[in-house]
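Heads up, the next two complexes both have chain A, just with different partners, chain B and then chain C.
Take a look at the complex of A and B:
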């Protein structure tokens, strides 16, 4: 459309008005260079160095090659990835199942759910709540003196000496429940947009042919939704890797409680990758291993993002 | 399920009845599930507010569904405590407001640059911005922390928390999508013929037309900054400059003897409530905005 820009009338510079394209890009790219790209280069640089304090209390940096990267593959660090993955998957499985169910109900013309606007508003609400506050609310509610602790005790589900936050299993389930609550509304809305895009005549044809609700879902809805499901899963995985706020506040940054240790490492069972990264940066000044961890995270996110890109390209093909 | 196959005319009416019955059954189940999930989403905020009105002793001894009478005493105790939540509210508001305005304005400017002008490298810049969209801030946080703290010596300064929001690839992406379908280039051309400057066109023609998209993105950016804990926690340690998420974390690590549960619940209510209120006012547009992001083209 803008090819028709009056390049004929402006001959004094080659670009003419279009030079404003570059000018308007300056703020974005200067900000990106200063606050993202340069820090990224520094992060990569640090990942090849090890820092230690000499007997004279001098800080010395020394090139150490790939030593920091080798440590990533030690049982201690792999445990962090495992912990993070477990927290993610416990929340994600119910999230995707519930979202699929809700989205298919909302989008079903014959079901005609009333007040669907109200329900959508309510289920999306937790997504906007400060994750760290959500974690603290859960911590207080399920703590020994908390309201829900009392409720469960009164109902006879637990005895007075039980402690939700002293067991790995219950702590994991509660943390993942927060993730579930925060994200199932978002996923429902994304899937709904996908289901709404399916041509109604497909559903009608299936009905004429006498297909059951379940068959319609299996044979029509699910295959068409596949690219969106891939998109939801991978973006959720990228978000899951960054899990930090909730386990950080619930375990006071320690990653306790210590549970049965299948890895035979010193890492506690609730400590996530980013909890370790944050502690290395602020507390122990362990820049080398923090750098290597960051680079590995970048690579993992990069690969996952590539799959997002592929799923989006695939979706475009379906549209055309 | 067997009835769904090979229907004869004789079977059909019977099948229709069965079908509408099963539809009614699904409908009942759907409402039950929806109501239960809604309760699951809302009960936390209800309990949060209820317990903000109860005293420490009341909260400690039993569960209650109805509010208590200690709201005012909790409020007074909160304001005299060392964790100053009202100050935190102002700090968070300053950071969240300025960074969300920067995000939205400069994302619009970047989107306009890509959308309205033709210049060498345009396609490259567009693809580049999309490519960096997924990079988590945590990945660059080590270098960022080192630069801010060791190079610029700017710990406890809000600028490092505000300025990076100028480059917001996700917001850019939403806005350029909206721009493609809602900004007629003929209007831009007309303004040019009237002798308007390019910056003037951006501010006086594009900005008003983009208002619905900008408003939704402003809310998202505001909430994102308001709720952000990771970066502020690394960069802010001066008590007066703490933001709400940092203060909430301090509640968790406060010494056992300083803990007053009523005050804790009230403090968290203050941190969470503003976002809930803004959300409930603009919910329709926000939920619509989320759906828009789902159908990426």
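Take a look at the complex of A and C:
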């Protein structure tokens, strides 16, 4: 008898205490349901419809099955993914290399870099500027009337009628440099946190054994840093797939200059997936094809992240 | 430390509670508001209490503040005409934001409170039909204006732009924007041996002469025009077909003429290889150090876009002059429309009459804001006035040439899709001019842009000419 009352009171108090936990969780779940999950379901639903507003304010909405998806799996959309990927990779490779180098310098006690706090702040600063402002500044600096244009002209690299923004290569490199400048500070700080988490005794032991700095970096720092690297890689990849603001502002939404790349016809070579999505939505409210594109994007992001994760984790197991 | 945390959390909680209450408070207020009648007595009879005006910049506001009798400014976004509050809803034009804001407001028009409804909105020529054709704007007859009688002094093209397919005129403008060729007198003197308006006109009287003159300019190290699309509107305004007919996109022969000319000009070095408004050299011709012979534009272009007040500019030196050029055309302009569902018809009629049809007000407008106003007698009077001269043009009186041009403008082929088609076509063709793609590929890219922008249109029949 007394035992049951006991358990009852315990149950009661536990629920009583847990209640507060649930109450505190409510705001998150409500916002998530209303502002994330519901729009997500709607996006998927509308992706099976032809749904847009005409220039004359008429709303068109009819079920169209997989038509939107068929249109997406055309060469044109592959092109958008290609453009996005190229812009991302040109920026990401130097970003991860420079960040690794800086992080290992900053975290290295033996180097004793002076005023490292100052430098850490400085390299992070570009991230605080709005991407749009950054894009605009770059655009103007490399326009024919801009200071950097004149600098390159005076150095003899280019002639007066060259146009940075009329060539695919130069435009891509400049846009990727903006992304590099904006994000390498952030990556450095993440990697540095990872390196500083490594037990010092490992480095000391390696040095006692006569390992060179490079060996220490390759055999100790890198393997232990792998989880952080995976994280940096996945977040950067997701950010890269969603690339929008800088190319949008620099090409005024058009994604030009046009180029052939590995394809047969010449098309806008700077246009990214999200730029296309935004163009579909902004004037004609084309929730049908924009919805289908979002769904494909969601799946692609998922698959890529999974692959990156798998490859990193798998190699890790082999090493052991 | 603990005390500080407690204090902070108390402050935060208080802030939350207060903001909640504040929100409730304003709700109550608005409830009280709606109990009051939405209409007030004015000198025009019973009218809505609030006049909501939608526009994209300060242009119309400045003119109303300055010239409309009885308008008193309250603050930057509100004014008063008698008992009616004037509310300015200004959304800048960038990236289509104005049209989006206006579209959303018009969509809510049926359900909105009388005080929140759009009463008056402003539009531009390039997308005028979008708001003229559907039932979102009132015909001028519906607000009590007899266009044939009340607006007889206006230039007819300004009425054609806002005419729907049934012949109703649904907007009115205080300005006309006939445009002309703006050339540099010192370069004309050096290359052509004369800077006289009539003699220079001989060198640019048609496109063949224009091209021959361009070659002469090139020989002396000058470029004839600045951008690829400086001449675009001259061609497109004189097209013989609309961009869109029965849901199909079509490209007029005159527009293909522009493509061929711009390509030739680019390849021969007759332009500076930049787009209109571009930062890649298009503006370089505004300075004395520039090498550009001519631009195309209306009165507002000279006064507001050519950096004429800046030291070292051609305008400051008074070295610009205008002449008719190869063909007449117009560029820009703002129209006032009454929104369907407004409760301020009488006041709107009065604003339209005073601001766009009253000769005295329009003469003042021309003198205060150097607009080319929409009133034929007023413009002819100013054209004949020897004391009127534009200092950026070395004292030239531009009204004569512009007024002559304004009479000749005909808008027979407009569509609601013009703005998007013009923009996307120029941007796609730029890649062809630069050599980044062929003409065929540029057309394909244009088609895709149109498909994204206007999914309802058919582009299948488009072919390169």
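Odds and ends about this structure:
In this text, the second predicted complex is superposed on the first by the 270 of 320 C-alpha atoms of A that agree within 3 Å, B and C clash if a C-alpha of one lies under 4 Å from a C-alpha of the other, contacts with A are read in each partner's own complex, and residues count from 1 in each chain.
The criterion applied here is as follows: a residue touches a chain if its C-beta (ideal position, glycine included) is under 8 Å from a C-beta of that chain, and two chains touch if they have at least 3 such contacts.
Predicted model only: the values in this text are computed from it and were never measured.
Applying the stated contact rule after C-alpha superposition, one finds that A:266 touches chain C and leaves chain B untouched. Legend: residue contacts after superposition of the two complexes on their common chain; A:76 is shown touching chain C, with no touch to chain B.
Once the two complexes are overlaid on the shared chain, A:145 sits against chain B and chain C alike. Measured by the number of chain A residues touched, the leading partner among chain B and chain C is B.
Touch criterion met: A:282 reaches chain B and chain C at once. In the superposition on chain A, A:159 makes contact with neither chain B nor chain C. When the shared chain is aligned, chain B comes close enough to touch A:121, but chain C does not. Of the two partner chains placed around the shared chain by superposition, neither chain B nor chain C is touched by A:109. Once the two complexes are overlaid on the shared chain, A:201 sits clear of chain B and of chain C alike. In the three-chain superposition model, chain A touches both chain B and chain C at residues 139-140, 145, 252, 282.
By the touch criterion given at the top, residues 50, 52, 54-58, 60, 76, 139-140, 143-146, 161, 163, 165-166, 168, 252-254, 256-259, 265-268, 276, 279-280, 282-284, 286, 289 of chain A touch chain C in their complex. In the complex of the two chains, the chain A residues touching chain B come out as 1-6, 15, 17-25, 27-29, 31-32, 35-36, 38-43, 45-46, 98, 101-102, 105, 110-111, 113, 117, 119-126, 128-134, 136-141, 145, 147-148, 150-151, 154, 181, 184-186, 189-194, 197, 210-215, 228, 235, 238, 241-242, 244-245, 248-249, 252, 274, 277-278, 281-282, 287, 290-291, 294, 297-298, 301-302, 304-305, 308, 312, 315-316, 319.
Contact residues of chain B toward chain A in the complex are 1, 3-5, 7, 15, 22-23, 26-27, 30-31, 33-34, 37-38, 40-42, 44, 47-48, 51, 59-60, 62-64, 106-107, 109-110, 112-114, 116-119, 122, 125, 129, 131-136, 138-147, 160, 163-164, 166-167, 172, 185, 188-189, 192, 198, 202, 223, 226-227, 229-230, 233-234, 244-245, 248-249, 251-253, 261, 264-265, 268, 271-272, 275-276, 279-280, 283-284, 286-287, 290-297. Residues 95-96, 100, 103, 106-107, 130, 133-134, 136, 273-274, 278-281, 283-284, 416-417, 420, 427, 430-431, 434, 436-438, 441-442, 444-445, 448-449, 452-456 of chain C touch chain A in their complex.
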